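So that you can tell them apart, the chains are marked A, B, C and D in the order they are listed, and the count of residues begins at 1 in each.
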Amino acid sequence: MTAQQSSPAQSAAPQDIRVGVIGVGRMGADHVERIARRTKGARVSVVSDYLRETAEKVSATAPGSRVVDTWQEVVAAEDVDAVLIASPGQFHREQVLACIAAGKPVLCEKPLAMNPSDAYDVVLAEREAGHPVVSLGFMRRFDAGYGELKDALEAGDLGTPLLLNCKHRNADVLPGFTDTHMVYDSAVHEIDAISFFLEEPAVSVQTVMPRSTEKAPEGLHDPLLFLFRTASGTVVTDELWVSTDAGYEVRTELVGSLGAATIGQESGLVTTQQADGRWGGTVPADFRPRFAAAYDAEVQAWIAAVADGSNVAPRSATAWDGYVAAAMCEAAEQSLTADGPVEVTLLEQPA
Amino acid sequence: MTAQQSSPAQSAAPQDIRVGVIGVGRMGADHVERIARRTKGARVSVVSDYLRETAEKVSATAPGSRVVDTWQEVVAAEDVDAVLIASPGQFHREQVLACIAAGKPVLCEKPLAMNPSDAYDVVLAEREAGHPVVSLGFMRRFDAGYGELKDALEAGDLGTPLLLNCKHRNADVLPGFTDTHMVYDSAVHEIDAISFFLEEPAVSVQTVMPRSTEKAPEGLHDPLLFLFRTASGTVVTDELWVSTDAGYEVRTELVGSLGAATIGQESGLVTTQQADGRWGGTVPADFRPRFAAAYDAEVQAWIAAVADGSNVAPRSATAWDGYVAAAMCEAAEQSLTADGPVEVTLLEQPA
Amino acid sequence: MTAQQSSPAQSAAPQDIRVGVIGVGRMGADHVERIARRTKGARVSVVSDYLRETAEKVSATAPGSRVVDTWQEVVAAEDVDAVLIASPGQFHREQVLACIAAGKPVLCEKPLAMNPSDAYDVVLAEREAGHPVVSLGFMRRFDAGYGELKDALEAGDLGTPLLLNCKHRNADVLPGFTDTHMVYDSAVHEIDAISFFLEEPAVSVQTVMPRSTEKAPEGLHDPLLFLFRTASGTVVTDELWVSTDAGYEVRTELVGSLGAATIGQESGLVTTQQADGRWGGTVPADFRPRFAAAYDAEVQAWIAAVADGSNVAPRSATAWDGYVAAAMCEAAEQSLTADGPVEVTLLEQPA
Amino acid sequence: MTAQQSSPAQSAAPQDIRVGVIGVGRMGADHVERIARRTKGARVSVVSDYLRETAEKVSATAPGSRVVDTWQEVVAAEDVDAVLIASPGQFHREQVLACIAAGKPVLCEKPLAMNPSDAYDVVLAEREAGHPVVSLGFMRRFDAGYGELKDALEAGDLGTPLLLNCKHRNADVLPGFTDTHMVYDSAVHEIDAISFFLEEPAVSVQTVMPRSTEKAPEGLHDPLLFLFRTASGTVVTDELWVSTDAGYEVRTELVGSLGAATIGQESGLVTTQQADGRWGGTVPADFRPRFAAAYDAEVQAWIAAVADGSNVAPRSATAWDGYVAAAMCEAAEQSLTADGPVEVTLLEQPA
């Protein structure tokens, strides 16, 4: 490279952020592929997984990366500027705390921790560190539709939020998926949407159980309806239906005192087909067509924040959002068997 | 960087493709920003513009880049692996030929040349070079909707194409925009869509001139309608209306023997607003909301093709497509004042 | 008329059903106009109102009709074959009972009576009469969209109903409109939709009160959400918002085990307007554009049923539906101030 | 009936308009059923058909009607106040002239006559009669969507019409349907739409023939495209495709200098079906779901006009519209084999 020599006045090309990835199962491998192929200004430098073989395989897809034996080595590595955590949820608390201790920015997939108390530990630790370190992987915040609705709310176009209606549909779930998974794997996204759109957590949650579809696996009521209420009185209905067999759909309507707004309506190619005399389009099989761009945007925004030293991107979920989600999920889980609304209690947010 | 040292078995992180950019007016500056901020695996290394000051300003936004005085220096620079041309159209032929001579992959904004004969020169030169070098910047080929329609055609879902209806609307155009600009700046995109979707060029073109809106600038009939016919008999209607004052819209319907398919229907945030008692959404002000992702995808695909040595991305427009577009535009321009259809004649496509 | 003379084998032209209308305020006057102008096979013969002057005025718009002093005279009149009741609700029970006693088919606007017990009296009286006499004016059952959804359910296309989501929006309400009016004037329509679509009444109802819009009149929580549950476990969410300032909207989604179906999406003229750079349509100011055809169809179907002696049209609401609605409304009203779900109890349906 | 006796001051109930129907094949039988069952203020009194047996069968469905042997008897019958003509087109001219001579209002199905000259005879005859007698059955003028677009144009919301894009699709046609039928049976509706929306006839027409679908019957190019131009320069594209196998669709976009407006977009029940993972709706099998209400409204408006003595309803097609359509169809038919546009020439419109 002769560029710097021939034009010494120019600043050097910026170095890529070197990302260490902990846990490279399906989600983590996706992130490795994303960083290696599509995320500008970053590269995967170190990878670990509790299955060494998996780590080797995934590392081979990210030229320039190497494998280490333990997540601790990822956090400690000199050639790791920032850490992405995609390990199973029970390890998140400890791993994020280690990143905070090492002063390394971290993007942690949900959940932040397995219970509100553990999540709060992270909030306090980050606070003691004195600067933002933790981003939490609620990728919908980076979806174009979510962004448009957030913009409209911030611009005041919709007035005061009165109701938020969420619908969340999946083609199917794995056997063994229970009501509890419905809370922590599915409803958790709308739970974070409450924080994102309404900028206040729920103070109570109630479960409403309709009759279940015959296709629901053992141990799952499907569909389920959660009702949340915020301190200022906005009500959120969250309808979850995860064995539709049709495909993946997420729709959201915000009812505000000055107008209502909807995102997630179907679009794309609309055909009128001779075969069946119907007009319309295809429901995507899973979340990827709907949220693939959101994942890309999330990681790109995180890298930009790491590069500029802010560490946490605008509109990203923070450790505090992770704590709030944990507290709301816990209450939602309790509401599954409760009679009537369950209160959500939150510890104080550190200044 | 210690990664390579600690894990010598791993391949090194791939080097960024170093891109030289010729012409950094609005379009070129956009590309510099795209490559510097969003294109994975590439960086801007050298920049030139006929206004040195513009080149300096734009280069300053791309760390690690330097400015040279002439486009010839860009093509020749050792630290330029691939060239992006966004200069005025009259220079394209010569600049692309220089890239071919230098054996450097080039992504040239439309047009490939100012007339069919000049464009054909490029086709022949590339053919003599013996391998693909030239990509042409018809970015719509990388739009998600265009891709879905192309997929449906390739899958045979729509049968034989019978009709292609295109609508192209702009909020407004600059003063001095004439019927000829309508051909070369606006219709040219649908002209390339014919090659893209139908995989054959038009054999004739006819202009239909409706009464003009009172808002059309002097020298412009607006709206205009072009009718193309391909050798196999598919008819294309291309309706152009560039002073709608409403916003930017591009809609396409393909009528095939087994079904019809539409892209470009409005979507996004749908609101019901108290202020005016209307439901609906916003028409974007210009082409960016509609095609920003297509530009990103186009440049990313080009970089990937350069990196893997194929040089031209799948579905990208080639030099031949550029020649065909030039020939069809020339005929369309003639049709503006002709009585009835004008024939499109093409030289032979080199094997 | 010489037709009968010249073709004695032909049956005579059928005589119009002579309709007596009780109560000709806004709703009753609409019905008089409907019968006089658009309902085939019927004419208004007798009219009464507690304001004689109103009766005179409205009668003058229906050539061939005459005014009487009391509703009793309407029921008793020899030139009244069938009775339409559009008087205030508190008179309905007595008037319908009189029609049953007189053996005259009656179409009564909602409610059937002011409380479940009074409504049940009507059910029993009709049962003793031994044949159907009473139709209740839930006109949505005759809306094309409602009919399509009912057809889809009956055809089994949607499988088992799991959830029914209703949204009901008004531009505004009169001052003095309270939560109780919300139950009896607005929610009552979705309450009947439960009977219509699900073919079973609710067994419980719960009110959810979001924060109220600043535009709600004194004494009204707006929006309000009712949750109903049927015996077989289908859950119905009914969101009511009656001071939107935007217009009238009724949307319904039925979530069934084999698919989901929506009615009430906006359609009609879609414009892209230069003035505001928006695409979309107009929300109708009130219920008429949405349900005018349903009213016409309802009355026409009723007249056809009277003419053929069945008295109650297929899919029409019956006295029993009126009783069920009364019981569900009473429970909904109680739920406004209750803590948690309120049980709906129903007396036995006569065989 | 005692009403008149007990209330002598009241005007008598209006007598039904007695309609004689000439030709009761499929279309005529539909009209008989419409008048007998749904048209307020009218009844079918006399029926004729060239097949006596058909006339008997249809008459039996309209109580009070009788059969006569010839159409001349229908026109002459004392118990016929108005005539509806649904016989084959070659008889229309003579039958309408007879109605004019008899001074009886007539609603004649399209065409008014088999050629422009014959149609002009009717225009002149009506003019000599000195008052309106003739309505022509272009029922789309009574479609709600057509009405909304007409309203928007009259209100000036769309500015000056620049382009009118029409699409007309059928599931299939009978064997023997040729290009000429395409003009006179299909395109004729859009030809009248030109008169209706633009309020001026075309001055020229050009046929554009795309490659034909393999499903087109012998002798038919399908799809076909007609281009019309009006005197003031508005261009109309009329795309016809009558063997889609999918269903019946009619869509219209008016491009005006202040905005564009579309009618005929799909609506109705929208389902997301598990069976095929698609969202959307059903394309109706034929024109009835789309235009059934338009036929009803057309006949009802005609009866109202007959009853009030105006004879021709507002917005109805007149004899002049029928002449214009005949002239435009003749030119369109010539354009099928012409090279370039064919001029439409019109005789003078009588004052």
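To be clear about the criterion, contacts are C-beta pairs under 8 Å (C-beta built on N, C-alpha and C of every residue); 3 or more make two chains touch, one makes a residue touch a chain.
Protein identities per chain, from UniProt: A, B, C, D = Inositol 2-dehydrogenase.
Bear in mind the structure is a predicted one, so any value in this text is a computation, not a measurement.
> Between A-D and A-B, flag the pair that has more C-beta pairs in contact.
Looking at A-D and A-B side by side, A-B shows more C-beta contacts.
> Averaging each chain's C-alpha atoms to get its centre, pick out the one most distant from subunit A.
D
> Can you give the whole-Å distance between the Cα centres of subunit A and subunit D?
Measuring from centre to centre gives 58 Å for this pair.
> For subunit A versus subunit C, what separation do you get between their C-alpha means, in angstrom?
Spacing between the chain centres: roughly 46 Å.
> Could you give the separation in Å between the centres of subunit A and subunit B, each centre being the mean of its C-alpha atoms?
Here the centre of subunit B sits 35 Å away from the centre of subunit A.
> What residues in subunit D touch two or more of the other chains?
159, 244, 246, 259-260, 270, 272-274
> Name, in rising order, each residue of subunit D that touches subunit B in their complex.
Residue positions touching the partner: 159-160, 162-163, 165, 208-215, 223, 225, 227, 229, 232-235, 237, 239, 241, 244, 246, 255, 257, 259-260, 339-340.
> Give the list of subunit B residues in touch with subunit C in this complex.
It is residues 171, 244-247, 249, 266, 270, 272-274, 276-283, 285 of subunit B that touch subunit C.
> Going by the contact rule at the top, pick out the subunit A residues touching subunit B in the complex.
1-4, 6-7, 10-14, 16, 18, 37-41, 43, 45-46, 59, 63-67, 78-79, 144-145, 148-149, 152, 157-159, 258-263, 265, 267-275, 293, 300
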